[in-house]
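Following: one structure in structure tokens, then a few remarks.
Chain naming follows the written order as A, B, C, D and E, and within any one chain the residues start at number 1.
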Amino acid sequence: ACTGGSESQPEGGNAEGNEGGGSGSADQTLTYASTSDAPGLSPIDTNDSVSSHVIEQVYETLFKRNAETGEIEPLLAKSYENPDDNTWVIKLKEDIKFHDGTPFNAEAVKYTFETFLDPERAAPRASLLAPVESIEVKDEYTVVIKTNKPYGAMLAALSHSNASIVSPEADKSGNLNENPVGTGPFKFVSWEKGNEIVLEKNADYWQGEPTLNQVTFKVVPSVSTAISMMETGEVDFIDGVTSQHTSRLEGNGSINLIKKEGTPVYYMGFNMEKEPMNNPEFRKALAHAIDRDAYVESLNGLGVRSNSFVGPQVFGYDESAEDLGYSYDPEKAKQIIEENGFGDQTYHMLVANRDMYINMAEIAQAQLSEVGINVEMEMIEWGTFLDMTAEGNFDLTFLGWSNVTGDGSELLYPNLHTDNLGSSNRTRYSNKEFDELVVKSRTTTDQEKRKEYLAEANALAIKDAPWVPMHHGVVTAAVVDSVKGLELSPTGSWRLYKVSRE
Amino acid sequence: MINLIISRLVQMFFLLLGISFIVFMSMHFAPGDPARIIGGPTANESDIENIRASLGLNRPILVQYWDYLVGVLQGDLGFSYQSNESVNQAIATRFPNTLNLAIASMIVAVIIGVVAGIVSALKQNTWWDVFTTTGALAGISIPNFWLGTILILIFAVNLQWFPAGGLSAPFWTLQGMKELALPAITLGTGSAALIARMTRSSMLEVIRSDFVRTARAKGVKEKVVVFVHCMRNAMIPVITVIGMNFGFLLGGTIITEQVFAINGVGRLMIDAIADRDFPMVQGSVLLVASLFVIVNLIVDIVYAFIDPRISYD
Amino acid sequence: MMSEQQTILKLDQLNKHFPVRGGLLKRVQNHVYAVNDISIDVNEGDSVGIVGESGCGKSTLGRTILRLEEPTSGEIWFKGENITDLSERKLKKFKHDMQMIFQDPFASLDPRQRVGDTLEEPFVIHTDLSKEERMEKVVKLLHEVGLDETHYYKYPHQFSGGQRQRIGIARAIALNPEMIVCDEAVSALDVSVQAQVIKLLKELQDEYDLTYLFISHDLGVVRHFCNKVLVMYLGNMVEWAPVDELFSNPIHPYTRALLSAIPRPIPGKEREKIQLKGDLPSPSDPPTGCPFHTRCPIATEVCKEVKPEWREVTPNHYVACHERG
Amino acid sequence: MSTQTVTAKGLKNVEKDSVFKDTMKRMLKNKLAVIGLVIITIQILLAAFAPFLTSYAPDTQTLSARELPIGSEGHWLGTDNYGRDMWSRIVYGARISILVGLGSVALGLIGGVILGLLSGYYKKLDAIIMRIMDLLFSFPGILLAMLIIAILGTSLVNVVIAISIWSIPNCARIVRGSVLSAKKEEYILAQRSLGASDRRIMFKHILPNITAPIIVFATMRMATAILSTSALSYLGLGAQPPTPEWGAMIAAGQDYMWTSPHMTIVPGIAIMLVVFAFNVVGDGLRDALDPNMELD
Amino acid sequence: MTEHLLDVNNLVTSFRTADGNLTAVRGVSFSVEQGETLCIVGESGCGKSITSLSVMQLLPKNGQIDNGSIQFDGKELTGLSQDEMRQIRGNDISMIFQEPMTALNPVFTVGFQIREPLKIHLGLSKKEATQKGIELLKQVGIPSPEKRMNQFPHELSGGMRQRVMIAIALACNPKLLIADEPTTALDVTIQSQILDLIDDLKEELNMGVVMITHDMGVVAEVADRVMVMYAGEKIEEGDVETIFNHPKHPYTKGLLKSVPNVDDADHNLEPIAGSLPSLKEEIVGCRFFDRCEFATEKCRSQSPPSFAVSEGHSVRCWLQEGSHDERTANYS
């Protein structure tokens, strides 16, 4: 019983999270460099990948997704059952303690989720558990979660790092954002804002002591500098490597570049509320105009070519989707453009100033201009970008969705469902038929059924082409040779519990 | 002197008032809504309204400014929208790094600049002069970030003499100095070049002046003529340049901190601007501006020590 | 040089004080008393020498008369009209009639303007002449001061000091003024050139009936050039007399000291020198009473407290001194 | 005194000397300045004849020919990560640099000169204008530009505006200082005693006499403007892709420093050369523009 | 020839400039005795300062002595190393400059500047030098010298500064004092004080004085002998009475007529027409040729030598050729 619909988030593209290990060979420490600092360390109060990298080492969720198989397995939970579609009875593992000594039990789970859903607390990821109606403590190690309608993606949601269980004592008496307390393999030591976060091993970890003694999360804004620091031994681990760095990393014998096909999807989006982007012919022409094979090839293996919106690593993918969509055919594109006079105006392409999007945009722009579509690019900061896309202030744009839960409905619902017009549905796609399929995929607990609904919705969207999928992500990490045992999950997250230095 | 200090501080007060007003207003009217950034891409309009309300962004702007001002006058720069960190705290932890960097690069700049300037003035029209002049011009012409990256590749990655980035050890330790070396050189080069040029021309002017001829007519040794009689006079305009340059250096830290992974105010500032983290932007801008004013005040005081003709009473 | 001649300039209790600002709020803390209570009448055709030590307010007086500085108090009458408070616009017509020649031949010409253009300037400002007509005027002017049209397109730096001073003179006489203030007009020149320029100024005076206010610290030149002399000390009038009278019968101890200090170009001539003690006091902190008492060899107690009155000792010879008045 | 018969017509035969020629003569004696002039001339020629000097458009991509090194066939300066011809980009980039430099300096000068003239000439305006300038001045340049761009949005035009606003206080100070000393010059006093209007004095007499510091400032500022644009591009706030602005090219090339160093080194050298050139020309002009200086 | 304190012979000094070599001093010879004041007069730019700077060997960087000898106290100064020359400067030969405003270093106290030569040449300790410095200031008539020692030049008036300069120059009891227009920037009342001071000190210390000036009044007042320069050349030399009462060179005569006389209002000012030739001009004949009313063809084509008119009176003018057959090419 494992599907997870969880929320996903638009990919910032730059928020690289990596871990690093300490330098000296037997020295069991690790230094990881990320381009920015974590806003906070509380799973309840944060909603970003940098924070989640730390959170995943300090806290644990009830369930987790197996990095290899993609299956959802119990973690802090022992087992679960569904007496009915709206009830989840979850048995918890026993004898686990939070870092502050507070016992982990059903009360802690109830406290965590209730706090998470408390409108006063305004947890940014509260939507993850939105269908939850009540959480009850049945006995010390059993919780009962009731939903108001069947929630197909419940387990995926419970395996999301934002649904990590926190120490109720610590949250009541202190600030988890500054001073995180969980059950995970590493304990929080210190945080110098803007510079580094230090964790140390939790010697009492319930699965046994981790090998690493200490882990440092260091902020290094420039990736190029971070790689230099790997070469000088100041950093052991980075992740989210982009294509421009691969050859340098691969050229270095003492650095391992780990790649794994992942869940993110990156696409060019049309503003469906504006002329002529709302014209299917226009979108078709542009889809034909972009040589995605050449583009993906230029990513040096850091992208997967697919016509499907729901990517190959995402629940709900169906190979038949590859036959849909519009292949590279500049002649056809030119013809459509000429027939409709699309080439007479200049289009406004809004691009967030992050490497990956700039790269897509530059290539797309050049290829569009070859078929007679004139595009003016505006590169802006992420914050302004969010504002402007929310206001529909663009013709074309580039976006990504990392899909942390790896579930197709958590891609299609936020990004393309009519409910989310004006917020996460930035291309303003609205199709009744599609909407219905997506809702069904969310409210069904039968995973096979869900898969069918998703494939159908996916096919519908591909045909309507509100997006031109550029590539599906390959998650990456680079570690120095001596780091062993790092496992990347397709969502880009990783755990350091089993990592060691040689 | 006391008068000067008081009047400058009064002036600084009004200056900061002006700056805070301009920054406040312009940030508020700039595109990009902090609430939306905090809310992230999934937030809908009502979420964003809630966030705006919780940040107090929905009040009339002048009321917001007034509240901010009252806070600042009580020494409270507010809290970051983004991380809820206290701005005072955030600046306090990062400022020492920036200050170390700025001072270290100033030292680099002054030493290199003054020595090069004096050499080229004394050896005017020799190839020493051509060499230092050209070098100084090249120094001005190199983009900061480019130089930084190249220095990292050569001295950190290839030669392994210095670390590639970061600033953690205190500056008085060997490790601290090693960590500061590359960023300080990166940042100091441009200023060194400017100081060298200024020193050269001011030295040349002084060397031709009447009182130097007087000193020679007294039979003073050439070394003493240059290093006692000329230096002090020649330094007067150079010191202005140093003061002015401090502003330039502070601007330069923005990029240098980025390149060398230094956790300083410069980086805080770019991040804050990008995040539309108004209180953080305000706080750091005010800090940098006051620093600039204070440095120039110090310059003026140093002036009075070097040049007895200047009195501030 | 009788007083039956028309008075062209009349100064009545003219004062010019420069505020000295300082302190926190840049408030006026003090004043430089550059010109104090100057009252004289100048007749048409006079050459009035104004002499005194450096910083005694000679230039300030000259500029104030031309309204280049705003007088602090007092009145300036020019050709029977009170011009003290005239607006810039109304003043413009008087600028025709009053001109100035400056001390520094290097600084008084715009280095970026051709000499021709510099000399056309007065016509551009005050007349509607066409370019052609202006050029003609300028060429005429150049000839008048001993230069010629080959100099028209040259820049000031291509001239010697004497030539530049001639250009300055040409500019001053361009509009046929009636009065010219010469502020140390020959002081910067070499003796041989100085003599040339003095000669030129005299010729022009004869030709155009000019009145000169001739500011100078060189008493030899003043003696030679002027018919009346005003001696100033620390912004105050000290003595005012026809030139021969002043040189043959100086009354004020300062005038006497001044005259005795001039080195005479006659070797071996022993003369009685009156050496003054000390330096000129600061004009921002002038002594009480007689401004000269701090250096005066014959000062008495009265001099320290009471400012001496301006008295006509012999006809047309005025002096301000308690002892000798 | 010589013959009075000559009239203005005689002037036609009189030779004119020109300040420009003089200045050039002096400039040409300064070897570094000559090198600078040559570099600038080349840059201008490159910019003017860009289409004739290149066989590729600066933004034409050939994704199959990415990161070709210097000396590759058909691309003597190599290609970048999109397979765009580096030579074309450098040549077209010269246009951008010139436009940005000229544009921002010109705007800055207009503002700075007017404010400087007013505050130097009119005591009453001085305090107000200078306080405002102090205000702008106490922002570090990049920060000021960042704030302005944050408000106006990212685009090359806004970069030009940002840099020009940042030049204003500097320029105004220089102009004001020169005005203050020029105002005391006797030739200005002479002009006043002739009854010239303030406007005439300011623009006809003071302004031409303070051109030297202004021109020097302008040339030096060109250099600064080009450098600042590149710094802003590095921070992602400058030229928009695919504009071949040199600073943006360096910034983009940074990540390829290891494998394709020519991507940063070529534009880096281009910037250095031009900035160098403007600096030495500025220096040379400073010396050459002094009208009182003899030719030596 | 008896030994003079200073003996300059056929001095030629030139400057390297972009336009080639400029000869500023052209074969000038003169001598100074102990206790004697020699005045050098001439118009601006005629080479007075360069002559004196040549003696001190303090020429600007682009200047050099091309020819001639400078003997001081029997010792040849040309060709001495900088170090040897330094021993002499400020010690045996001192110099005062024209501009009291700029000749003192603005950033050091009067005391510092006056102690310097005392420490260098007399090897005094700081304390001794301070004592001596106070004495010197007293000697040049500066009231409350102790206080002045700690003041900076800008706190003193022009006349006071010039006195300080004189005190510095006299610090080591020099045998020769060169004063380059020491009073030009001062008011007459102050000038007269300073001139008297120099004269008194000369008597007291039995110094030789070379006084450079363009003011004929000053010359008449202080000179024993006078040397008139024109465009880099010495054109006339003689004792002060002779020069004033029986000038021979047309230029000297013109110069005297150009000076307005304070005591005589009717003195007829007669300017010399024209102006100094530029140093760049190549002139074969007499350099005064085109301004001279007596000029002949010979004057144009041949440079006149020095004619000894009488004992100690020499004139460089062809007009003297006929009247005096005794002709010396080189006056010593």
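Assume a contact is a pair of C-beta atoms (placed from the backbone, for glycine too) under 8 Å apart; a residue touches a chain by one contact, two chains touch by 3 or more.
Keep in mind that this is a model prediction, so the values were computed, not measured.
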item: Starting at chain A, fewest touch steps before arriving at chain E; value: 2
item: Chains contacting each of chain B and chain C, listed by label; value: D, E
item: Label of the chain whose CA centroid is most distant from the centroid of chain C; value: A
item: Rounded Å distance, chain D centre to chain E centre (Cα mean); value: 50
item: CA centroid of chain A to CA centroid of chain D, Å; value: 47
item: Centre-of-Cα separation between chain D and chain B, whole angstrom; value: 24
item: Residues of chain B engaged with two or more neighbouring chains; value: 31-32, 149, 153, 258, 273
item: For chain A, residues contacting two or more additional chains; value: 222, 224, 381, 384
item: Parts of chain D lying in touch with chain A, wherever the complex brings them together; value: 59-61, 63-64, 66, 81-82, 150, 153-155, 236, 240-242, 254-259
item: Complex contacts: residues of chain E adjacent to chain C; value: 43-44, 143, 157-160, 187-193, 195-196, 214-221, 223, 240-241, 244-245, 254-263, 265, 267, 269-273, 275-276
item: Residues of chain A touching chain B in the complex; value: 7, 9-10, 33, 36, 39-40, 47-48, 122, 124, 127, 177, 192-195, 218-222, 224-226, 228-229, 231-232, 234, 381-384, 386-388, 390, 414, 420, 422-424, 426
item: List of chain C residues in touch with chain E within their complex; value: 53-54, 160-163, 190-196, 198-199, 217-221, 223-225, 243-244, 247, 257-269, 273, 275-276, 278-280
item: Complex contact set, residues of chain B against chain E; value: 208-222, 229, 232-233, 306-309
